[in-house]
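Below, chain A partners chain B and then partners chain C, in two separate complexes.
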Partner chain A sequence: MEELDVEPALTLVPGVAPGRGRLHFQWGPGEMLVCEAAFPGAGNSAPLVLINCTRHGEKGPGCPYIHVLRKDQDIHLHTLRKLFNESHGIFVGLQRSDEELSGKSKKAQLVGVSKNYRSVIRACMEDMHQMAISTRDPALHNQYSTQVSILSAMELIWNLCEILFVEVAPAGHLLLHLLDWVRLHVCDVDNMVREVLSSENPSKHELFWNVVDIFVLQGRMEDARHLLSKEATANPTSKGMCKILDDLMKKMPVLGLGNTQTLTEMELKWQHWHEECQRYLQDGTFASNPHMESICKILLGDENAILEKKELMTTWYHFLVTHLLYSHPAVKPVELRFYAQSSLDQFLGGENSPEPLDTILMAAFEFEIHQVIKECSIALSNWWFVAHLTDLLDHCKLLQSHNLYFGSNMREFLLLEYASGLFSHHSLWQLGVDYFDHCSEYGRVYLELHIERIPLTTEQKALKVLRICEQRQMHEQVRSICKIMAMKALRNNRLGSALSWSIRAKDAAFATLISDRFLKDYCERGSFSDLDLIDNLGPSMLLSDRLTFLGKYREFHRLYGEKRFSEAAKLLLMLMTAHIAPCSFWMTLLTDALPLLEQKEVIFSAEQTYELMRCLEDLTAGKLDNQKLQDDDIETTKVEMLRLAFARNLARAIVKEGTLEGS
Partner chain B sequence: MFVARSIAADHRDLIHDVSFDFHGRRMATCSSDQSVKVWDKSENGDWHCTASWKTHSGSVWRVTWAHPEFGQVLASCSFDRTAAVWEEIVGESNDKLRGQSHWVKRTTLVDSRTSVTDVKFAPKHMGLMLATCSADGVVRIYEAPDVMNLSQWSLQHEISCKLSCSCISWNPSSSRAHSPMIAVGSDDNSPNILAKVQIYEYNENTRKYAKAEALMTVTDPVHDIAFAPNLGRSFHILAVATKDVRIFTLKPLRKELTSSGGLTKFEIHIVAQFDNHNSQVWRVSWNITGTVLASSGDDGCVRLWKANYMDNWKCTGILKGNGSPVNGSSQQGIFNASLGSANTSFQNSLNGSFAGRHNCYL
Partner chain C sequence: MEDLCAKFVSQKLSKVRWRPAPATALQPPELFATGSWDNEENKISIWSVGAVESVCPNGEYQGEPQLLCDIRHYGDVMDMQFLDQERIVAASSTGSITIFRHHQNNQTLSVSQKWERAHCHVDSDTSACGGASCTGVICKNPEIVTVGEDGRINLFRADHKQAVRTIDNADSSTLHAVTLLRTTEILTVNSIGQLKIWDFRQQRNEPSQIFSLTGDRVPLHCVDRHPNQQHIVATGGQDGMLSIWDVRQGSMPVSLLNAHDAEMWEVHFHPSNPDHLFTCSEDGSLWHWDTSVEVSEKTSFLHQGGRSTFLSHSAVNQPNVNQSVVSAWLSNDPTKDRMEITNVIPNPTLSVNSVDVLGPCLVCGTDAEAIYVKRQLFA
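Let's turn to the complex of A and B:
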């Protein structure tokens, strides 16, 4: 692909004097910040001077503005949402389409997909048209009308590409498709046609012959003959002439789509018909009526006669198709480029230079697919068109591997750009995910980079993003999202949420930290928050030792609450002996044992009581060096109380166990 | 590109840095007025200043956000020879009702004896770390070992670069194949031919940063430097702002080919060099996928650079001031106005075919 020498797009930023101020900028996801700024060291060897002279003075540039710039304007037009949403479905369908289809059915399927894309464009165009009509705001009206013309240009190009690249119509049928194409898109004259047809006496209307010409130029013979018959009845003097012209039109050989006649048969018939037209023209049959004479010349493919009707065709490609219809009805695809070029030259007549649309259509007629895509991406203000068209053409196996930067192909390059644009939108990003999924080379990395930037404004949104990452085994993104959410919840003192997010993130350190906060809160308030969560930790409890302890400790409280005292006692003891509980918490645990010791029946066995005593002694021994314990009266009293309770329980346990054994 | 909004920055002096947070929902600005401002984007897309406070006793050069995994944390650096770490406090006070947030200083990093010219948080996989560089030619790397306690930062490394430092950039690659790496630029403008870009790599064996490479071809003062996001490539891409814009690729040579114990050697290529700014280039930075580089220079323009399939870099966009004052007091929603102007150019074009140019460089 040769390089197009395109001037870089210029964006004007208000308020910044050109050439004077320095612009500072920063990229964000989907947006860019630009503002006037000063850089240390700029313009002067001593940064101090620059700063000092502006720090207090009023002559500094004053209060600068920060400008938020966006890249893909169209993505943010709510009016195009339908286009993005519905084409997404078609795109995904095409990617999943049956690879095994081959030959005709494959082609039929691809043509169907192409038509679906076009009908989405059309539907969008009609909506936009309705909005343009119904709005009273002139600015909005302009905006909508602009979009209508962009969409209509896109549909025009797409349709031509469909005929030439997807349908790949052979000689003969090619022209029929092109005729349909022209009829569908040349609507400028429709009003004229409607006006004449609805008038009381069409043949007396001043534009009557214009409309007949339009029908002839578009190859709509039935319509033209219908009008001629009106002229014949209204104007008996020209009746004979009308009859002859009508006859010529009727006899014009046409290759029907379902027709089985061969091209040679067709050409033979065509020659006969041509000779007949020629005869009538030469013997002056239509000499008295310039309108009919010119129509006869058109039927003969007289270029000058056709060109005289320039206003009725409005575009060079209409001229091309009309010219082909009456001169080369069996044009082959490869011959198109010559006729197209000469039609363009003749039609513009050197007065106007071709517009972007003209060069795009010309490139299509020349079968320069890459050129079409390239020109479109320069001319159109969004990536939607090129991305989807290129993808379709790639499915038609038309794009030979054309390596782009980093080895990615053109289809992927364009899809990546389009999907990146979608990611700058607050909700359309979800469509972007599927596009990235179908970019085999860089789709994954792009998705990773983009999805982690989706603002996690609500838990719901975070869960949505998380699900997408989980489905794709994007472990690092999953971890990061959970971590961000856990951090956010913790900062807002929502411990339960913080804990469940860190469990999802499998972040042991953070789970430990939050468990500690839970335990601390318990010590302060004597009750747990977020019971549901802690009660249902299940195996995730094993994420961190502290979390295990938290879960088990809560289980102890539950057992106690349910009066399952001996189970509770066993668990409590195990928390210490198995060193699940942090030492700092042992005193609380031992204190928790007190009510169990005070129950009527003996709950801790003698052996268990010895264990409890050992735990207490370990704890106090460990703290012996620490003078604090001794100084703390309350703590000392607590220890004394515990010792007393243990001793009493031991006595009861021994008596009970002795009695039981004895009996 | 088009201007979607303009916001009056309301600083009393020149702005030196604007910085988006990771998700693009918040931004921070810093200025010679010694303050930092934090701006939040509301649901309808408007930006509101939610905090503004005096941060330093000198011009604030740079402000930067830590990854949100570490909470809401900012770092700033200043002419007052310090860098500081700030954390947002979630309070139940009246602040919240008034739509204001409260930021507290968690630490002041006072090791530099000269102006601290840049501060950057390390890639998140390295933990909560930040690097500063200063005019005295020292790069310092700090770490907060406990991410819940931002008042404790320990100085882990001090790298002496010998030349006055202006900018630093961490290599964002999280690949296990790549050791932590930091590039340092110098704006030393005494006439010498010393390399103004140095690349330091962390050595697992010595647990120290050591100079891996110096870009010998860059001898003019360097104002900014930026590694591109890695995209899973084996090599690195580094953009340099000096008297022109330069883009380098650094391809690690296989370890067995490198001589000195564990240090990676690189094959360095310059893949692009542009003097379109006509003079000094002040900032370079990459978009989030590393496919577009933006640069700003003395010509008052921001230029956008993009590579095509042949590794050919080309300017695809220019942002330039139009010189007219920003009109109106409320600057939100310029969107409609800019659309209106696009229309007129449109209607001039025959067939009403195409609107504004969209630069795709294939």
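Let's turn to the complex of A and C:
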């Protein structure tokens, strides 16, 4: 066992009286923990969430309440359902995508998938933001705002991972991606720009230089120059300075994404431009304007000048990217870790310790994928993020080498955790199925165990669960679902439905049980119920002997009703001689023969009558063995009547057959 | 495909229905209702797809459906129909039937009438009554017909407190869906592959006619009648097969068409353009069947991802019927049997539970908690 990475967080369970000794708890179905308590509690204390407390009824005097505790609280957030559903589609699409794609097109596809995931996070974030604004309840507002910040952190991490691990941008291009990343996640500037530009005299606005600085820090030269031109027109004395600074900004060499120039060319140009900036700074061109001087220092990559703008950058990774932009524009992926570490140290300045987000980003800059996933698993309250990110990285073939000492591999482990969470949700269980499907080693077992625990409230839901099992050849589960449904139908006296379910499950034993119920009902009432079903059994009649008998017996009744007596008689006899009918039913069958025996014309031939007589004797002989003196009067009378009828019929048959043969 | 708009709504949808347009109106429908299932709290919701103003000059539709109002519904919404412009009839898995009224002036929903336990299992010992799922409802103002898992058929009138007519144990298996055939006649489909016609004029509680799939007893899940030619009926089964029946003759389907890979949950003829048919399925697909295409035109459709199907099996031949009046659905001419089929939803994942078409618009709801709206069906 590895040692714990962090101390497990404590969850306070309200209502557990301290004096009462130990806390009693039990694992419940679907990732929950159930424990006893003396009084009800409400409240959220991370990391386990108290979902509800139920009255315990009559059990015990001391602990009338049960608390249900769940981990993976995010699964149960209504607002995140959109995220789960939409990303499910992307996940399934990624698994289905053909393996044949290689090289560039494969990479483009993976980057596309990654962007789709991010846009789903963003859409969810915007929705949540809207809800936070529109709600009047301060508690809800807080909850939504927290979610917005969590989602935005998730998107930030995902985006960085996309650049470093999926896109794998080479030196030069790497920085452009990182710049985009910073611009996308520092959004305060846009509001500030709007405020400055909408004022009457932008260059006199107190935030004017702040905005220019931010543009420069983010490498948005076009925007910075645009603002600078405002200053130039408003303030003729600084026009010359503005012109020079503007020129420097314009000349700054950038590696365009579609540009064909090589890195060495670029570095040469950069060197040249750098020297030019240096010259202007040294000859004191900007000495009269501290704002412009500091911008020039920033252009030269002066760490202290950049650090002075700490307030404007707000985060260390912004500082890192700005620093790289003006000092090491052609930074290689492998060098990132050194710059990142020093930027973090410089920015925090030993005052604050790094937050979980900082640790995660740092791990990403260090290309420690496993560390990123591990830190995310600890910091985030859901499995969604790590499961999907790991799956994507696995598709990038980045996780091959790593094996866990438990389970199969990390991707599968995380997907299983996430899908199990989905199955613990009242409605989201359907999504979990596809995740289990794509876990080659344990997915099937997990699915089998989880699917049996889905409550089957309606037939429609049962059909949906059944379809899932049938598609995956999970015969055991199919049988159990059909049996549950058949049992329910039976309890509701819906014999027809019950029979349909057992036929679907090919459950012979249960079909026999239901057939017996039908026959019992017939014996009691003298007529069949559910004729529409029994007349329509078709080939499924062969499922069980008893069902066959039921179908055939019903056929006898139909033939009799249609006055096709000789066919009916033949069928009746066959039911006994071929031992299709259960022995207990023979007396009924023999009694059914009575009206046929009493018809005007002879229906049973002499030979058939002998057979009938033998059946009767077999039956009574068997009876004698078993329950010797139990025969009551009615039974004896019945047997006597039958014997009489047989004898008379035999006489008529012999006469008739004799006459026919004689003539 | 460009005008297909998806919206994730955080509830699993079991039913979607357009609000019927007033008889005089020519503009496309604007409102639809959805019902949810398998949520801890289920809802009936009314959505707007935007008024005409939101349609750009070039006819392109912009914006997604907006929620107008919703109301709690007890149990899963198993089926749902608009009774008129303002009232919605919903069938619940608890066995109750509820009429909701949509107040358009202040955009709210309220319960206007409710029949508790319209469908139930009666315990023979205690004669207690446990609710049974009501699986289908069809209405023609003011009459409402419901069927359920208990095999019972109920006839209600919107203004009566009690059922006007009840047929207990009408079917020994589960009734899955119901539709109106003629004024007093209804059609039901059940879980052993039978199609039954019931006539409310007859007092005895027996179907006036029974049709069935031969052999396999594949359960039928949905049924719809041709809007103009009332003898043509389409049903969808558990194996995803589409069956076309002619209820004037025979007791077997006229044709069986291979369609979806799993349960077909709903089938609908286009109400004003019945050469078009729409089916949706558990396998996540939604198909648009078009029989109006002439053979010569077909080649042009092929490259658009269209799919041609084949008539797998013709059970009953069409003798001596004037070909010119025979609907394309009944035609057995091999050259005409080919029809154009397009899948409306790209990248299917989870079940499409319900679809509804009205005018040029289509709406469908899925287990992936998404609503899809298509505004230009025939563009």
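Following the convention adopted for this analysis, the second predicted complex is superposed on the first by the 527 of 663 C-alpha atoms of A that agree within 3 Å, B and C clash if a C-alpha of one lies under 4 Å from a C-alpha of the other, contacts with A are read in each partner's own complex, and residues count from 1 in each chain.
Here is the rule we use: contacts are C-beta pairs under 8 Å (C-beta built on N, C-alpha and C of every residue); 3 or more make two chains touch, one makes a residue touch a chain.
None of the values given here were measured: they were computed from a predicted structure.
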{"item": "Which of chain B and chain C A:Tyr446 touches, first, second, both or neither", "value": "first"}
{"item": "First, second, both or neither for A:Asp530, with chain B first and chain C second", "value": "second"}
{"item": "Dominant toucher of chain A (residue count), chain B or chain C", "value": "B"}
{"item": "Partner chain in contact with A:Phe338 - chain B first, chain C second, else both or neither", "value": "neither"}
{"item": "Contacts of A:Asn492 with chain B and chain C, given as first, second, both or neither", "value": "both"}
{"item": "On chain A, the residue positions that both chain B and chain C contact, one per complex", "value": "457, 492-493"}
{"item": "Chain B to chain A touching residues, read off their complex", "value": "1-20, 22-25, 27, 29, 32-33, 47, 59, 61, 68-72, 79, 90, 115, 117, 124, 148, 166, 174, 187, 189, 221, 223, 229, 231-233, 280, 282-283, 285-289, 294, 296-304, 307-312, 314-327, 331, 334-336, 339-340, 342-343, 346-347, 349-362"}
{"item": "List of chain C residues in touch with chain A within their complex", "value": "8-12, 37-40, 76, 78, 93, 121-124, 130, 132-133, 135, 149-151, 169, 171-174, 191-192, 194, 210, 212, 215-217, 219, 238, 262-263, 282, 347, 349-351, 367-370"}
{"item": "In the complex, chain A residues that touch chain B", "value": "1, 3-4, 6, 8-43, 45, 47-48, 51, 54-55, 60-61, 63-71, 73, 76, 139, 142-143, 145-146, 149-150, 152-153, 315, 352, 355-357, 370, 373-374, 377-383, 386, 402-406, 408, 410, 413-414, 416-417, 420, 442, 445-446, 449-450, 452-457, 476, 480, 483-484, 487-488, 491-493, 513"}
{"item": "Footprint of chain C on chain A - complex, ascending", "value": "78-79, 81-82, 85-86, 88-89, 92-93, 426-427, 430-431, 434, 457-461, 463-464, 467, 471, 492-497, 500, 503, 529-533, 536, 538-540"}
